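In what follows, a single structure is set out as structure tokens and then discussed.
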Amino acid sequence: MAKKIRLGILGGGGDSLIGVLHRVASHINDNYQITGAVFNPDFEANMAFAKEIDVPTDRIYTDFDVMVEEEMKLPADKRIQVCSVLTPNFLHFPMAKKLLENGFHVICEKPMTTTYEEAKILQEAQLKSGAVFAVTHTYTGYPMVRQMREMIKDGVLGKVHKVDARYYQGWINSIIHDKEKRSSVWRLDPKKAGISSCMGDIGVHAFNMIEYTTGLNIKSLLADFNYLYEDNKMDVDGTVLIRLDDYVKGVIRSSQVATGEENGLAIAIYGDKGALRWEQERPNFLYFLSDTEPVKIYKPGHAYNSELSLGGTKLPPGHPEGIFDAMANIYLGVARAIRGEDYNNGEFPTILDGVRGLNFIEATVASNKEGNIWVDLD
Amino acid sequence: MAKKIRLGILGGGGDSLIGVLHRVASHINDNYQITGAVFNPDFEANMAFAKEIDVPTDRIYTDFDVMVEEEMKLPADKRIQVCSVLTPNFLHFPMAKKLLENGFHVICEKPMTTTYEEAKILQEAQLKSGAVFAVTHTYTGYPMVRQMREMIKDGVLGKVHKVDARYYQGWINSIIHDKEKRSSVWRLDPKKAGISSCMGDIGVHAFNMIEYTTGLNIKSLLADFNYLYEDNKMDVDGTVLIRLDDYVKGVIRSSQVATGEENGLAIAIYGDKGALRWEQERPNFLYFLSDTEPVKIYKPGHAYNSELSLGGTKLPPGHPEGIFDAMANIYLGVARAIRGEDYNNGEFPTILDGVRGLNFIEATVASNKEGNIWVDLD
Amino acid sequence: MAKKIRLGILGGGGDSLIGVLHRVASHINDNYQITGAVFNPDFEANMAFAKEIDVPTDRIYTDFDVMVEEEMKLPADKRIQVCSVLTPNFLHFPMAKKLLENGFHVICEKPMTTTYEEAKILQEAQLKSGAVFAVTHTYTGYPMVRQMREMIKDGVLGKVHKVDARYYQGWINSIIHDKEKRSSVWRLDPKKAGISSCMGDIGVHAFNMIEYTTGLNIKSLLADFNYLYEDNKMDVDGTVLIRLDDYVKGVIRSSQVATGEENGLAIAIYGDKGALRWEQERPNFLYFLSDTEPVKIYKPGHAYNSELSLGGTKLPPGHPEGIFDAMANIYLGVARAIRGEDYNNGEFPTILDGVRGLNFIEATVASNKEGNIWVDLD
Amino acid sequence: MAKKIRLGILGGGGDSLIGVLHRVASHINDNYQITGAVFNPDFEANMAFAKEIDVPTDRIYTDFDVMVEEEMKLPADKRIQVCSVLTPNFLHFPMAKKLLENGFHVICEKPMTTTYEEAKILQEAQLKSGAVFAVTHTYTGYPMVRQMREMIKDGVLGKVHKVDARYYQGWINSIIHDKEKRSSVWRLDPKKAGISSCMGDIGVHAFNMIEYTTGLNIKSLLADFNYLYEDNKMDVDGTVLIRLDDYVKGVIRSSQVATGEENGLAIAIYGDKGALRWEQERPNFLYFLSDTEPVKIYKPGHAYNSELSLGGTKLPPGHPEGIFDAMANIYLGVARAIRGEDYNNGEFPTILDGVRGLNFIEATVASNKEGNIWVDLD
């Protein structure tokens, strides 16, 4: 029986972009019904938004704690089953923790927590509860990223020797170069935004993409950050040397001052038998390179793709897929997991991805601070 | 007040691709609620599908006529407001006509009817009813196609002199080259599929795209079809010379045997001051060409785009948009029209586009049949 | 023994672009020595240019007739062996004819003659003399165009069903839209430029490319030209429907008012097993498309390429090749032929290509003039 | 007076690729005449090759020392003016030094010397002699690389903040993964190939490209090499963090085991007002990125390009330029310098580029060896 899953939403009200992204994704495969929410800390705005998007207002709550309390009073078959946490970063940890402790499944925006310490506590809570927990590393939802993972797992590249990922954006430019703005914006205030801007916000996606596609763990790293101005306290650019094992090395490049770049996430994995290259802004094209054969371009929806990849394609080849499709694929994986259906490892990023992401961010900050030394990851 | 619009669906059940496309599109902007449906002529399958996608079964009807009858008994504020017609082609006309006659708004799949004659009758019915009527020329929903239209309207290209559009696919190859298959498939049977395969199915998209982006009407044409085998009765490939006025000419190329092409819709418009080029498989990139300046690539979501284009972008630049987004933009335009809100001309293809499409298809068939002569469009 | 071949040059003096192109190409493979020339009808300019590019002045002649006369007095082993004809179009025919009649080999710029009639006379002269005769359809010199030819010959595409070639340029725009200019420029004066501008100058390249790569002959055509202004007497744009046999059709598109296009020659050939696509402005990338396999990109210099293709690549993969390389490959083929070495059919365009080109041009003009009717080629 | 410059060639005989490249480049602009040579240490092979490419044999010498001795006996207006040094790397230094000491101009292949020490000695010799000295960092000869330099110099990017260059190749793969081969090939033998393979051979091109295009000096670096196998003694892959000044940072990535990459040199420069991106394998396309405007693609030969760029384009827009054109532009710059003509800074890489290249290579080796520490460049 495929009854829709009861979805709660925390944050994401008004014209929040992340709110749109999660809401659309939850609709796409007909798996979820928004059942309850605290879209906004202001109750009036919260209710207004619920009406605007036509969510029944009887389970729009005044705040998160009330929501948990009230939902727990409901019978299990009426209660919200899974909750999307789209609130400001510092709230991810307490909310996700409480949700897990009360038996809710969780879909948590990234970064999962603000510290590695918190991430490990959350991981324990999840282990204890056994609930499904997804961190929205959205890019792993693209069919061709999944195809990349499966091809590497199947040995198409042979032994991997070199990895290279980047996430370049330009959007902080107009803020960073304006002394007034850069001293006032919350994103560049360490008290509000945590220990890292560039690495925490986007570098971690490149990190996650490497581990997701190769199935390998990054073991140690050496980071160099750029703050651009002496009075700026947050990294807005950085490069990280990485080691996966003694003879597998690579680099993660990340920048928020890469003028004109939009969401320039790209990854290349080189093995002794072949290589794969993919770019987020042209997500439907996966390039396979070889020293002896013509370059091959894999595209979604073809029978030559893996089951994991095909599971994320809804239409025949030639229909471009976008970011909503990618996020929808993650929601689909979570739905399968909640329903106890079989699903492939790789259908959604788990709490482990969240934990490793925080480990990565803190390690880069430490490496940079100590003068660009090698720091091990757990 | 933004109450969701009550949407009825005809056809599109089971694993129908067009069903997925419309359903997702209706969800994306939070404007529609599926209220009633005849997903499938088989009532059992119809009900099963409704349950699968969690649509309330009390307004799942045994057939279309019952649906109209029953809905008309409901008070206006409960009744289905707009109906998506996703049934086999020959049913579009009778269903759309009856819907219009009963005051429903209509979203109709393409081709709107099977003959130009029917199309004109439908047009009259729509004029009489005053209902909103959209034909899903989906590609006009892409933000950069809309940007193209607005730039041309604003005179960025100067006077247009040359238009060139194509839609190349390869998927009929495996059928057409197999004598057994090509004589048995409904698509290549004129009795079942109407007067044209290639031109009616995809050539008409290229036609529509030219008229949509340039705002010009194609006045006459000369067509040459290819059937590939003597025993094949339907066009699977064709080229059409077109004239927009005495000194504006162009070409429409269309093929279902263009091996390896997927949904290869592409358009180029050349004016005396510049040119624009766009391809469906890379929908987020619009190229502006000039004889004297660097090529410019326009991308969605930037402030430099027109209002019409920006209205169809939900996320910031750099997040790839796909076919669901394009269809969703058409649904959004229809929602605005139904609610009586202001909307830009160009937000959805109207019945006029449907009428002209049929005019085009019949004209190409006539031109080809008469030995490649020029035929005027109305 | 690889003594350099003695090369005479007619025309191409001063800053003539075509002069540079031929001169560089003749140097590239160390096969030619410029031995005599009439670079310019003005003798002073002729001598000055010879000195500028350091060609010995003792065999710089006052005019073409003197050159032939004087060279014929020299012993065969001193005499110019092959002559490049780079003069204005109307001189190609008389010069080439006289050269052939005196036993010289000829490399002739395109168009070979100004009429099909002349072309056939020249063909007879060549047959009689047995001399090597090349027409510089330069684009056939690109390694990946040669690879395309060989793959089609080897059956990689199966049976060819559809061909599509275009040559779009924008450069006439600034002239055509200026009444003063378009009435005075020699290119748009039928008395000076012959019967066709667009088709004769560039459309014929698209025609040649189709016949070169497929090995098929175009049997009949239907053309539609655009003159853009009533007072303009020459075609500046045109589309040609073509038939290779009953069930192999295609289209040639050609324009000199395709604003912003530079040398936009592109070709796509579709067969029942696969397709090939190539563009002149990215000459090192040949795309193979299939309905069932990933797209493949062939690049020059790899062992997977044909002998004909590899013979035109001088450096290892990854070094971009340009137009000089393409022309040089044609000069190389001519050198092999002159030396009586083995060479592949396809190493240079022969007089037959020139003859067919003129046949094509005249046929398009006739088709357009007669109201877009089908015209057979010989 | 534009008499051809008398060019001597050392090395590059037989089917040497570098020999072809230099010979073709010397021909392209009609500036050089090969006057003397030691193509091969074996005199018989030397003479045979001279005959094959039709160079007069009277100035083909038994060895380099004889060549210098004999040429010095000739009057200045007969003597070789400039000598191309294409011999194995360890011979560059002694030959170039002796050539300078005898007043010859020098075109030297890269790496200029095998040590930084030698490079500085050579620099002194050049300063003393005043001769023209070019190091063939060929890629700086591409018109769009030159355009990049000029645009940055003109402030189009504003203040540069981030630089990112890479050179990825895959060709050593088949050797490195074969224990037998990797222990026997000269390239991976430190005694024969010097201190670095990957960084010395290709990383240095990325280094040079950054300094050439930005006009900035790299001040310090931190390098991490990968040897892939314990028994391999030479770097085949490496990443280098770089600092140009306190708030301008970047990265150089270099690999010879990047499977399937050919000559994957690419560079991106980000400033506060815009960015530029260029790739060697598509050398005719230069991308300008901005946060607020459409991406612009600059192409060669247009009036919008700088004088320096246009000086390297021989044909109108739309004719692809290749690696021969790039090298020819460097030969052209050298010719202008030898003739004492005005030339733009940037027309050819000077001895300073060679010196800095060696400084870079030794610094990377030191950084890597010392455990990835920061090392200053002079």
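Here are a few things to note about the model shown:
Should a chain be cited, it is by its letter among A, B, C and D, assigned in written order, with residues numbered from 1 in that chain.
Note that in this section a contact is a pair of C-beta atoms (placed from the backbone, for glycine too) under 8 Å apart; a residue touches a chain by one contact, two chains touch by 3 or more.
Note that this is a predicted model, so its numbers are computed, not measured.
Chain pair A-B has a twin interface among B-D, C-D or B-C; that twin, with over half of the contact pairs alike by residue number, is C-D.
Between A-C and C-D, more C-beta contact pairs join the chains of C-D. Per-chain Cα centroids separate chain A from chain C by 55 Å. Our note on geometry: chain A versus chain D, Cα centroid distance of 43 Å, whole angstroms. Taking each chain's centre as the average of its CA atoms, chain C and chain D sit 35 Å apart. The set of chain C residues that touch two or more partner chains comprises 171, 261, 288, 295, 299.
Residue ranges of chain C in contact with chain D, taken from their complex: 2-4, 17, 20-21, 23-24, 27-28, 30, 33, 51-54, 169, 171, 261-264, 280-284, 299, 314-325. If you check the complex, the residues on chain B that touch chain C are 157, 161-162, 164, 170-171, 173-174, 177, 222, 224, 226-229, 237, 239, 241, 247, 249-251, 253, 255, 257-261, 268, 270-275, 288-291, 295, 372, 374.
Residue ranges on chain A touching chain C, taken from their complex, read 288, 292-299, 302-304.
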